[in-house]
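In the two assemblies presented below, subunit A is common to both, partnered first by subunit B and then by subunit C.
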Partner chain A sequence: MRFRCKRADLSQAVGVVASAVPARTSVPILQNIKVTAADGELTLTATDLEMGLRYSVRDVGIQKSGAAVLPAQKLNQIVRDIRDDEVKFDVDGKLCSIEIEGGQFKLTGADPQDFPQFPEFDEKKAVRINVDDFRDMVRKTAFAVSSEPSRYALTGVLFVIRENEARMVGTDGKRLAYAKKKIKGGPRDEVKVIVPPKALHLVEKIIAEGDEEIAFEFEETQMKAKTSAGTLFARLVEGSFPNYEDVIPGDPDKKVQVNPGELEYRLRLATSMTDDKSRAVKFQLSKDKLKLFARRITGEAGEASHEVAVKYAGPDFEISFNPDFFIDFLKVVAGGRPDVADSEADTKVEARAEAKADKAKGKKAAKEEKPKAPPPEPVEAPSTITLDLRDKLTAGVIRAGRDYIYLVMPLTIDV
Partner chain B sequence: MPPIRVLDNSVVNLIAAGEVLERPASAVKELIENALDAGATRVEVEFEDGGRRLIRVTDDGAGMGPEDLALAFLPHATSKLAAVADLAEIRSFGFRGEALASIAEVARARIVSRPRGTESAHELEAEAGKIGAVKPSASPEGTTIEAWDLFGNIPARRKFLKTSPVEAAHIGDVVTRFALSRPDVRFELRGDSIPIATMSPVEDIADRIGHYFGKELRQALVKVDAQARGIRLRGYVARPTFTVNNTRLQFTWVNGRWVRDKVLFRSIIEAYSDLVMVRRAPAVFLFVDIEPRDIDVNVHPAKVEIRFANSSRVHDFVRDEIRGRLMAGGVPQQFVPKDAWSSFVQRTPDERRNERQQELMEFFTRPADTPVFFTPPPGKSAFAEPRDIPPGVQDPTPPMRPMASGGRAYQLHDAYLIEEVPGGLNVIDQHALHERILYYRIRSRVLAHDVARQRLLVPSIVRDSGREKVIAAARPLLDRLGFEIEEFGPGALAIHAAPDWIGTKDPAGIVRDILMDFDTANPGRAADDALDHFIATCACKAAIKAGERLAPEEVRALLEDRVRIDHSQTCPHGRPVTLRITLDELEKHFGRK
Partner chain C sequence: MSRETASADKPLTILHVDMDAFYAAVEVRDHPELRGKPVIVGGPSRSRGVVSSATYEARKFGVRSAMPSAQAARLCPQGVFMPVRMERYLEVSREVMRIFRSFTPLVEPLSLDEAFLDVAGAERLFGDGPAIGRKIKERIRAELGLVASVGVSYVKYLAKLASDLEKPDGFVIIRPEDVERRLPPLPISRLWGVGPKTESRLQALGLRTIGDVRAAGEERLVRELGDFGAHISRLARGEDDRHVEPSWDAKSIGAERTFERDLSALASMERELLEIAEDVGSRLRAEAVAARTVQIKVRFHDFRTITRSRTLERPTDITREIFDVARDLLQEKAGVKGARVRLLGIQGQNLAPPGTGQGTLFGEKSRAKERRLDKVIDALRHKMGHDAVVRARTREESR
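Up next is the complex of A and B:
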């Protein structure tokens, strides 16, 4: 195999597929990226067997087509470090040489025959979803899943697609995030699968500039997604997902309207005075007033008490919540993404290479190298959200617009 | 020297009885086997006082007429084996005609039986080997056999028995094994008149597995069904994502008989090697069917050990089938790399041998009289805490104070933290440290009645059939710890709220582990002591384990939290947390001083 291509394109593609390379594995070949050159196109593949990515680079000058399997981390580092605009690859058997102006690298790879095959995407079965809708639903729900591997079903995001509507639900058993979207078309038979959040994030990675839709194909145990440049496959999470519609409590008699930014700000202030591991903030409601109260009895003891102006006409009422659950949601409402527990050290290979590249070139150069996937649409934060409450044992229901619902179970406190 | 005598017949019988009947659960096993041999579709087991006072097994099987009944208690009376040639073709559980004779030898025994399709029932009693006369009686179709005051006439043996909850747990284990192997039969178990388990007939053993061990395991099951060269392997294996800390969820049956067999056990270990973490054990429920002539079931009086005529063939077949299913179910079929299997082979033979030996050791050194569901195996695991160190022992080396400016710290081997401190360095066991921090935190909150309970959207269900008493005894403590729990049918609990300090851990998993440990806690302990022990257990379960990789911020947070522990307080298990190495020692070692 012999080809010549733009370094920036290659670097971006390697960066994308490297996120599917397992950080640790007992199957050594999986720590490689498979590179195939044919028909003016370079195809890169990586997998940890649970999921995999394929990503193509176009307009490549191919002198001799063929395939190679190259160590992911080294490859990623090399294509990030070099400054030439163009690189030349020459692969003979397992031996690969990468040539740039005034120098070369030699790498030993593995036999392409031994690399797992990538499943084909069947266009006939494709279900399509708008890129922005998809991104928005992932952002609104994926953060809420459980990071506890023993709670299988809850480690995934429930993804439902039916005629004219798509939904995603994430829950860890204590809070639940539920987002829906109107879509055009959609399958006649409802699709209902549980997808690992990492797979959803990988789908986001293969979205290229100008992509309007993502095509999905669902099989019994796996999902595939396809964009103009890339394909993903991922094993679905098995198990039964709680019936998300049933857990939304009916007839709340206490309805609060509040500005999300204000609530987030006050909650953060109160949170500084909760216990580290036991985070409880008391919500005290009275006419048009919400008082947040936190107390810390261990370590540096103290208290915090803050007021938020709200619209509320119900009876005086008191209930406690873990403020982190609220803050996660409020961050999303403000257009951000809460930190997701990095349960599987997923992007470690990439991160490591990035760190090395940073060192090699200094931070500034590395910043410019960031893959140029289009930035998500800026989200306009709503000026009010509603919080519905019933009693001290029932979930609080927060709504931001009609299509985004978030449930938080309260804390009950002995005394 | 006393003259040689031919042993009195009843002495011979007594010795033989001791071999077949080790404990009440062995009698239960023999009686259930007889019921199943008689074609029962419904088996009821009752016991009192751990089976010492009474064992009663009732079935709806073929039954016995008066003539058969008269022979039933006689040694070597069996309807199942006519001649030696038959031995090679044994398909029934029984064939020696020893069980009823043995029971009659060591207990007051009574049989009431009415053959299917007849109108009259008869009964027969026996005590200490003396058989009474067959008398007319009344009963529904089928057979009831009772054993009263088991081992009453052998005080030595009776003394050897464990407390009745332990014996009851053994009986529970026996019933569980049958219930798992015969989903078509209805089983009922009652102890001291309290219903313990009722198993209606189901299509598939997966349903019973789910009933006994929970939905999570049920969902992790992968079906196995393969046949080759005279061996058939059926059943379920759990995906490697579901593991427990010992081999208690590994069930194997050969020709319907529950067995503990090294060959099968080794196949399982090898099939899962590389797929489960060290010291975690998978769950399997496997039935091997093989020509009766290819096994010898006659090597152990209770027939729980067997010998395969061609053990390596069985071993390889079972291992490869399980492995194949795991790889097929665990990864998309078309995506199995050629060398997923070879990665197993690639481990050095020494590595594999060591691992396997260790696991085998753990399996077979578990004292035979430890009931499987009752006690975890003696804590050999790296992070099991040595419970026998009395509480109140101080950490021998108080750690050096961290650097004022915050010295550098790293995690090594996903298990230890290395920290730079003035005058040297600290090596810290991450699990021990986190456990201790949690212990103090939880304790101060529990004592202050300041536990916040995080309510759950959907209750988490824990099933632990056969252990209602343990659950009942543990409830007040679980409650004080901050679990809000409700009974959810026999042997099941619904968790509605969990203490918030468990963080993201699975509440059901923690409760299950606590219940498991609860038995080992000395029940006679004062409540406060028990609570303390309990908190220590919770802290241990909730703490970061060895093998968990921590982000640099997590390492820092953990070390910072340490400052909050008041070192004058006693530590939970007395296990050291920190190893201090001074610069002085380092310098000496490298010949700089």
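Up next is the complex of A and C:
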């Protein structure tokens, strides 16, 4: 195999598929990326067997088609470090040489025959979702899943697609995030699967500029997703997802309207005075007033008491919550992403953004500049959210618009 | 003993009360025909059981707690072996603690049969520390028919030391002015925290008595033993700044079992674990507390012992939940696959009032069901004895 291609394009592609390479594995070949050159296109593949990514680079000068399996970490490092606009690859058997102006690298790879097969996407079974809708639902729900392996079904996001509606639900059993979108041309038979959040984040990575839709194919135990540039497969989470609609309490008699930015600001202030071990903020409601109260009894002891102007006409009422659950949600409402348990996801997203910026700048892509990529879609933060409460043992229901619902179970604790 | 005076800055308000041969004494009280006999509470002598407690009549033969029952039977062939009835001891223990709490809320139980009390503030009602100590001893005898040894002093260490000095039926006061006379002749094993290991280290340094430790000086001990050296040299001077902590945190509730034959099948370990979880759950419920942390203990055939624990979102007193966590820990963290297990135990730690903590969205119904089931089992066992009800899972195979 022999080809030459643009460094920036290759660097971006390697960055994308590298996020599917397992950090630790008992199957050494999985720490490699498979590179195939044919028909003017490079195809890069990586997998940890649970999920996998395939990503293409176009407009490649191929002198001799073929395939190679190269160590992912070294390859990634090399294509990021070099400053040349173009690189040349020459692979003979397992031996690969990467040539640039005034130097070369030699790498030893593995036999392409030994690399796991990548499942083919069946276009006939495709279910299509709008890119913005998909990103928005992932952002609104994936942060809420459980990181507790013993609650296996809750470690994934429930993904439901019907004829005219798509939904995602994430919950760890203590709070629940539920987002939905109106769609057109969905499947006649409902799709209902549980997807690991990492797979959803990988789908976001293969979205290329100009993509409007993502095609999904659902099978018994796995999901595939396809964009103009890449394909993903991921094993689904098995198990039964709890009945999330049943736990949304009806008939709240206490309805609060509040500005999300103001609530987030005041909650953060109060949170500084919670105990490390049992984080709790007491919400004290009275006519048009919400008082947030926290007390710290261990270590640097103290109290915090902060008021938020709200619209409230119900009876005086007190209830305590873990403020972190609220802050996660309020971050999303403000257009951000809460910290996800999989911290890897964030750094990889950044790597991609950087690569993308390089690509946009074309030939003179300078490694030293690392401009932040603009957010995929601007989010308009609503000026009001509603918080519905019933009693001290029932979940609080927060709504931001009609299509985003968030439940938080209270704490029963003395603050 | 000196005159009953105490310096103002060292009031005699710390008590340590220790029940004498507690489990064995409860058995003798419940079975009057055993009075005066060498009674040994523990696992049966033909198996791998160990002695939990022995009357002073049995101790004359050299029987000690934690000794294998078989050895106890050899030392004391006429000994009367009684099985451990933990629930009964718990019940009596609660009575004992109730007596303590009628004098002061500052009670720090160390186990079922001993506790520290801080009676500062109770003196106007009940008299000074020594007077309260005598009253407690008398009430335990009159109301429960049991004997306690009491130590009275101005710090915890000295109170604990005092209760042990004239056991059984002891009553010893250590005043500030007694320290110079009483402490130096005592062996170093009387220093709180000095076990056989440290003891031999100290002996290697030529230190045999508390007097030797005092003479060696703090500087040398710190050089030899680090922080622990500073600690024991303070104790040797009769200094101890620890308070009586009545907090929940100071306590834990646990149960463990040593098996007659090592277990190697995971299924049989789980069966045992469920019974242990049942014990721990019913004791938590009896005390109206819940455990935020569940810890398991595993002892392998070679006596290697490990503990693994998990802290829960919300404290539990539900047998099923305790078992589920314990089983998870056993399967995933204990490395019992292919091993031979000699002992299993569960401990509920980080105790808190039940029903507190983070609420959950799912599973509330099944949790309520488990709670009702626990209640029924507790009530039946209370009325008809421990074996009146057995969970189906534990019956699959007779042990």
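Remarks
Assume the second predicted complex is superposed on the first by the 380 of 415 C-alpha atoms of A that agree within 3 Å, B and C clash if a C-alpha of one lies under 4 Å from a C-alpha of the other, contacts with A are read in each partner's own complex, and residues count from 1 in each chain.
The working rule: a contact is a pair of C-beta atoms (placed from the backbone, for glycine too) under 8 Å apart; a residue touches a chain by one contact, two chains touch by 3 or more.
This is a predicted model, so every value here is computed, not measured.
Superposition of the two structures on subunit A shows subunit C clashing with subunit B. In the overlay built on the shared chain, the residue A:L70 is in contact with neither subunit B nor subunit C. Look at A:S147: by the touch rule set out above, it reaches subunit B but stays clear of subunit C.
Counting the residues of subunit A that each partner touches, subunit B and subunit C differ, and the larger count belongs to B. Shared-chain residue A:I194: touches no atom of subunit B or subunit C. When the two complexes are overlaid on their common chain A, residue A:G173 makes contact with subunit B and with subunit C alike. When the shared chain is aligned, subunit B comes close enough to touch A:Q222, but subunit C does not. Comparing which residues of subunit A touch subunit B with which touch subunit C, the overlap comprises 150, 171, 173-176, 242, 247, 278, 322, 393, 395, 407, 409-413. Note for the complex: subunit A touches subunit C at residues 150, 171, 173-176, 242, 247, 278, 322, 393, 395, 407, 409-413.
By the touch criterion given at the top, residues 313, 328, 355-363 of subunit C touch subunit A in their complex. Touching subunit B in their complex are the following residues of subunit A: 26-30, 47, 49-50, 52, 113-119, 146-153, 171-176, 221-222, 233, 235, 238-240, 242, 247, 276-280, 297-299, 320, 322, 341-342, 345, 393, 395, 407, 409-415. Across the complex, subunit B meets subunit A through its residues 215-216, 219-220, 241-242, 274, 330-332, 334-340, 343, 438, 441, 444-445, 448-458, 460, 482, 484, 497, 500-501, 503-507, 509, 549, 551, 561, 564.
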